[in-house]
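There are two complexes below, and they share chain A, which is joined by chain B in the first and by chain C in the second.
This part shows the complex of A and B:
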């Protein structure tokens, strides 16, 4: 179909800049994109008939990784001073 | 640059942008919103059951006028619970270790209970300052003591939460540093310290949940006196 209506997974690598040009980058558009992304994650992994701990655990693991990324600059300056 | 043990409590910042708002908003993702289905997914069902449990627990001692407080007390409980528990994950930041945030929760809510009491039933609220059956000579001293204890309540609420969580996180960091430091020197002692770390983590899980509950319970008790 036309480039603007395809989802990100269906866009080929060469067409990526063109696809990015067509998508809505205003604050409302970005917010709508975030909401859509959350909705699709939620509906695929958590809002299922027999869900388990996996859906939430992936979210929490992602949060840990994100926090690690936020703190990396601070943590990387540790010099392990162990007085023997 | 050496790292002190208190660096884990600095408010997270990325390129000068404070991230504390994001760490406070993240728990909202974990609490699913309402859906129009009759039978929800397991997470929603679990959450609804839990919410029902704590609302019942908090609202039974209150009279009908106090039930107006159900929404704010229950949502405060869920927020504190999720923030405290999320702080136990590695590398995460716990907003409730900041005294400023806990005082921002405690002071307005305590003041609201106080003003509700003073506005609607002033003599009963003031009557709480003097316990029944005190000897006449002790009355002035006791009134001053009770007023002090009344005025110190918001400080106590905020500092209790902050101190418990900060102390717990600090202990975890200290003991894990000891474990890694002892590992090349004396593995047996390191194993013992790992056991202590495990027990401490279980304690911290309990403390996280209990402190959230105590905060909201005390607020509901202050409300009971005044409504």
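This part shows the complex of A and C:
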């Protein structure tokens, strides 16, 4: 189908800049995009009859990675490594 | 015909009936990586591709010190092992408990729905009975109509009888009047005739008639004596 209506996973690598140009980058648009992403994740992994640990464990793992990334500068300093 | 500005309830509503929840969530391997990633790499690298990728990435991060091993690594390892032990041992029990809670909720909702359906069916039964009763009203009205007709007939006949009696009384009165009149006339005439006859008998005629009677009596007595 046309480029603007395809989801991110269906866009080829070469078309990525064009696809980014078509999407809505205003605050409301970004907020809507975030809400849609959370909705699809929630409906796939958490809002089911017999879910498992996978739903929240992926969220926790993502949080761990994100916080490691944010604190990398501080963790990699010698003073931090020696003091522990 | 209903005049509206937009069509009313032409299709099913968007959210009713709600689609049922999916039974199981998306497949996730080792609790962290979705199956889609393995399927994505399968055509090019086969089954061991993602594992090779994971090992290579891990060694790269470790060797380049992008991931630094410090006291927090030990803490993370202990926490992770405890979490995994807990999930493996008590996971099924917690799942059964949660399923039981869900079952109770669903059973309550179902009970409410069945109760409502039963009440509505009873109301339908009542309604049908009322309709059947309403059909019986025709018989009631026929009986009432017959009653009224009979009352009217009785009334009519009573009045007819009254009329007949009244007319008969008047005619009887007229007949009695005529009879009385004739009677009186007869009596009066008889009296008048007697009076005149008595008046017309003169004393001379009276004597003659008495002498005649005596002669007759003598004759009779003679014949009677002869008979005896």
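Please note the rule applied: the second predicted complex is superposed on the first by the 78 of 84 C-alpha atoms of A that agree within 3 Å, B and C clash if a C-alpha of one lies under 4 Å from a C-alpha of the other, contacts with A are read in each partner's own complex, and residues count from 1 in each chain.
The definition used in the following text is that a contact is a pair of C-beta atoms (placed from the backbone, for glycine too) under 8 Å apart; a residue touches a chain by one contact, two chains touch by 3 or more.
This structure is a prediction, so every number in the text was calculated from the model and none was measured.
Colleague: Quick one: on chain A, after the overlay, do chain B and chain C clash, or do they fit? Just give me the call.
Modeller: In the arrangement built by aligning on chain A, the partners chain C and chain B fit side by side.
Colleague: When the two structures are overlaid on chain A, which partner does A:44 contact: first (chain B), second (chain C), both, or neither?
Modeller: The answer is second: A:44 touches chain C but not chain B.
Colleague: Thinking of the overlay built on chain A, is A:55 touched by chain B (first), by chain C (second), by both, or by neither?
Modeller: In the superposition, A:55 touches chain B and chain C alike.
Colleague: With chain A at the apex, figure out the C-alpha centre angle toward chain B and chain C and round it to a multiple of 10 degrees.
Modeller: 80
Colleague: Determine, under the contact definition given at the top, whether A:74 touches first (chain B), second (chain C), both, or neither.
Modeller: Touch partner of A:74: chain B, not chain C.
Colleague: How far apart, in Å, are the nearest Cα atoms of chain B and chain C after the overlay?
Modeller: So the smallest C-alpha to C-alpha spacing between these two chains is 5 Å.
Colleague: Let me check the overlay on chain A: which residues of chain A are in contact with chain B and also with chain C?
Modeller: 46-52, 55, 64, 68, 81, 84
Colleague: Touching residues of chain A toward chain C in the complex: what are they?
Modeller: It comes out as residues 44-55, 57-58, 61, 64, 68, 75-76, 80-81, 84.
Colleague: Tell me, which parts of chain B touch chain A in their complex?
Modeller: 1-3, 7, 10, 12, 14, 19, 23, 26, 29-30, 32, 35, 41-44, 86, 89-93, 181, 185
Colleague: Which positions of chain C touch chain A when the two form their complex?
Modeller: Going by the criterion above, the answer is residues 21-26, 28, 31-32, 34, 65, 67-68, 70-72, 76, 87, 91, 95, 99, 102.
Colleague: Considering only the defined contacts, which chain A positions touch chain B in the complex?
Modeller: Within the complex, chain A contacts chain B at residues 38, 42, 46-52, 55-56, 59-60, 63-64, 67-68, 70-71, 74, 77-79, 81-82, 84.
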